[in-house]
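In structure tokens below, several structures.
What follows is a pair of complexes built around chain A, which joins chain B in one and chain C in the other.
== the complex of A and B ==
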């Protein structure tokens, strides 16, 4: 077995047996459960509202529109939202802990006095943690499928299960990107506390501030249900109005696109049909329509891999403290 | 391999600079195969920096060194195959058992089927009954012993110990000292021990080197040292006498 795999295996075993793993699993399970229950309650209240309105309209002899349709994967909006925030935080903590622990216990020093290269250590640690994140996301996905069946008696179709599989892969890559950022800083900064603080500042900017600025600058977000819809402005007119604000829109979009979180959100919202225009559309259409988000996610991943795999293998890293 | 004169560690003008300050300055010495070498010096004298360079953790600013005939700068991987290292207060992976920790270090040291060797080392260190215990559950003394086990699992020629008795109780200190002597005598491992505890040096080492402000100010066998300073009655007085002569 190569040294990279030996280190990855050790890394996996070490995390899976740690208390951190148990805490993370419990936290994710609770959040998934809460978000799913809240989504179901919201849908039920929409349905009750519709039924009441429908009864009144029928009594008045007026036409009744279609009832709100249940797309099961739409109910995962809350889950996606918390992975955006907590998943990124989890990636940062994993990257920090996997180095901080070994710097404090001097195990990193021991590793570097063995007949292996720095590159093998870096690759082994990234591989071990990738497997851990992938397992965590898989456990969570299985839990989601189980909850659907248990709470609402819904059994997901094959195509919905495939979408959940895509969600596992995209979420793993998303968390991994934050892992690589914190892994890099924890090895390159002499002061570990400073490394962690830097990571959280970056987290704050990428996960919360940039998407928030983008959302706030979006005129359609200013009124619940959409500004244009509330003013009964149709789509062509909306487009015409927005074309007058080309520069403004470019800046707003640029701010959103600089955040990996926004790309993750757009990709998963499209797959799950949380963004309503993708409901009832084929998966291939959805994937092609949001392909630019995948390019961005891939770009961030390649950048992280380049910095961690190549740069860290060749430059000075801090061993203790 | 030792050279013609039996030296397994050869250090020539080794220096390490951190910014403006010289942590280690033009240090030269050699250690014979089968020796227990005590590297003495107060805190901050440059002992750990020297060991970090000899164990290939740090690249020297100037000078050279070889371990078992291999250059620390140009042949670091081969040097690592020939050395074992126990840093001060090493803790290993606390969620893994002692056996799993040793298996990991054995495998990355190139031992493919390490089970027999692991049990042999654990028996040698009187730790066989702890094989299936997680490292996180062990006492400090036992952790130090497992730290020692990982360092000798691949049968190194030279073992570097950085303040090995730090934080141990008197019983733990005695047990570790006996183990170090046993490793030297039974396994034929050359020991390089960083310490500031003179009592440990008297009881364990055959040769000493004294480092002060990054410079080697004394290097000789313990026997000759005690004879040379025959008017002094303990190594502590000798140590202070050496340091005084060097203007401290």
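== the complex of A and C ==
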């Protein structure tokens, strides 16, 4: 077995044995359960509200609109939000821990006195952690499918299951990007605590601040339920009006696009139909319409791989302390 | 560093408690300044203050423009033009983002500050040496509390000054607005102190530095995202927007029951609602179709939050096992 695989196997075992990740797994499972239950209750509440309104309208002899439609994958909005926030944090912790434990015990120094290259260590660690993230996301997805059946009696169709599969892949790549950032900083910074704090600050900016700024700057978000909806403005008119604020919208969109989290959110929201325009559309249409987000995610992944594989192998890294 | 600390500890013997608290606070502040932790937190806070004012101002500016363009377009199409939802803009509306930033960024930075205050001692073996001797743990904790209070007060004071300057540059400011901003920062002090104490609690209790930072962050996630989702059916990322989406929970008796049980403990929602009321900005209650507590109750909840967390830090310090010191890395 090559050195890379031996290191990957050791990484995997270390993570599984660590209590920390049991906490993360339990936390993610509980959050998924909570968000799914809350989403179902909110949907039922909307349905009750519709039924009450429909009864009144029928009594007055007026037109009753369509009832709220249930698209099961829409109910996963909270789960996607949590993967955005906690998944990124998990990636950072994985990257930090896989280096911190070996720097503290000076195992990295010892390893490099053996016939093992820096590149093999980096590859082994990335491979081991990628497999762990993939397994974690798969467990989460199985749990989601199981919860759907258990809580609401819903059995997902084949196309919905395929969308869940895509969710596993995109989520794994998303978490992996944060892993690579923290992995890099943990090897390049002399002080490990400072490396972790730097990672958390970057996490805050990328995951929470940039998307928050983008959302806050959106004129439509200034009124609960949406400004244009409150003014009975249809989509084409909304687009026409917003085209007069091109520069502002470009800046706002630029802020959002600089965050990998926003690309992840846009891609998954489209697949799951959480962004309502994609409900009832074919998967190929959805994927093509949101293709730029995949390019961005891929771009961040390639950048991370380049920095971790090539840059780290050629430059000085801190092996202890 | 370790020698310096030991010399310092032995010098302390025989001195008065107050003197210890003062000296230990001074030493902690110097250490954190040298470590850049405080500087980073300060820079982030000032940046937050400036960003919140600017974003608030630019969003307000654009939204007025969008409304007038919409009104023109609707008039052209002979459709009725609804009144502007922004005809009455509160004077301190520019600061609506600041509330979110304190909840989101401030609380996490406060945890890091609390963590740094204790973890430095544990990594250097100071806590082990100190707690193995007939030394008052209350004095030790008091020293940390003074340090935390001084640091957070300085950070909030500078952030407040930045806010007042920017609000006066971008909008009109009155004495009443300045008083509201001062009150907002006093409320923020109590709110953030709770997170510092949580950071301290886990740094004292945890077996290693990873758990010491991970566990308070899990608590942070629960307080900032999970409790509001359970209590008010707010999606985690939606609760970050100063204007909350429409989520009517009144249609579900189960959600209403969960809300009535959880809402009193949702310290982040209480803080947001209290700060919004104080700054004259509408809070999220209309969006979630729920009623709020009176400000006095909200203040009491936030003070209780601080008291409970400080009590937790006190109990953790009293129960600290010095033999754990060497396992910490």
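By definition in this document, the second predicted complex is superposed on the first by the 321 of 321 C-alpha atoms of A that agree within 3 Å, B and C clash if a C-alpha of one lies under 4 Å from a C-alpha of the other, contacts with A are read in each partner's own complex, and residues count from 1 in each chain.
The definition used in the following text is that contacts are C-beta pairs under 8 Å (C-beta built on N, C-alpha and C of every residue); 3 or more make two chains touch, one makes a residue touch a chain.
Everything numeric in this text was worked out from a predicted model, so none of it was measured.
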Looking at the overlay on chain A, is there a clash between chain B and chain C, or do the two fit? fit
I'd like to know which partner A:280 touches here: chain B for first, chain C for second, both or neither. neither
Looking at the overlay, what does A:34 touch: chain B (first), chain C (second), both, or neither? second
Touch check for A:13: first (chain B), second (chain C), both, or neither? first
Is A:115 touching the first partner chain B, the second partner chain C, both, or neither of them? first
First (chain B), second (chain C), both or neither: which does A:42 touch? second
Is A:3 in contact with chain B, with chain C, with both, or with neither (first, second, both, neither)? first
Please determine whether it is chain B or chain C that touches the greater number of chain A residues. C
Per the contact definition in the header, classify A:100: touching chain B only (first), chain C only (second), both, or neither. second
Looking at the overlay, what does A:246 touch: chain B (first), chain C (second), both, or neither? neither
On the overlay, how many Å separate the closest CA atoms of chain B and chain C? 12
So which positions on chain A get touched by both chain B and chain C? 104
Along chain B, where are the residues that touch chain A in the complex? 55-57, 77-78, 80-81, 83, 85, 87-96, 100, 104-105, 107-110, 150
Within the complex, which stretch of chain A touches chain B? 1, 3, 6-7, 10, 13-14, 17-18, 104-107, 109-117, 319
Spell out the residues on chain A that touch chain C in their complex, using ranges where they run on. 19-20, 23, 27, 31, 34-35, 38, 41-42, 44-46, 48-49, 77-78, 81-82, 84-86, 89, 93, 96-97, 100, 104, 193-194, 196-197, 200-201, 204, 208-209, 211-213, 215-217, 219, 221-225, 227-228, 230-233, 237, 240-242, 244-245, 248, 265
Chain C contacts chain A in the complex at 35-37, 40, 44, 51, 55, 58-59, 62-63, 65-67, 69-70, 73-74, 77, 79, 82, 85-86, 97, 100, 104-105, 108, 112, 116, 119, 209-211, 213-215, 217-218, 221, 225-226, 229-230, 233, 235-237, 240-252, 254-255, 286-287, 329
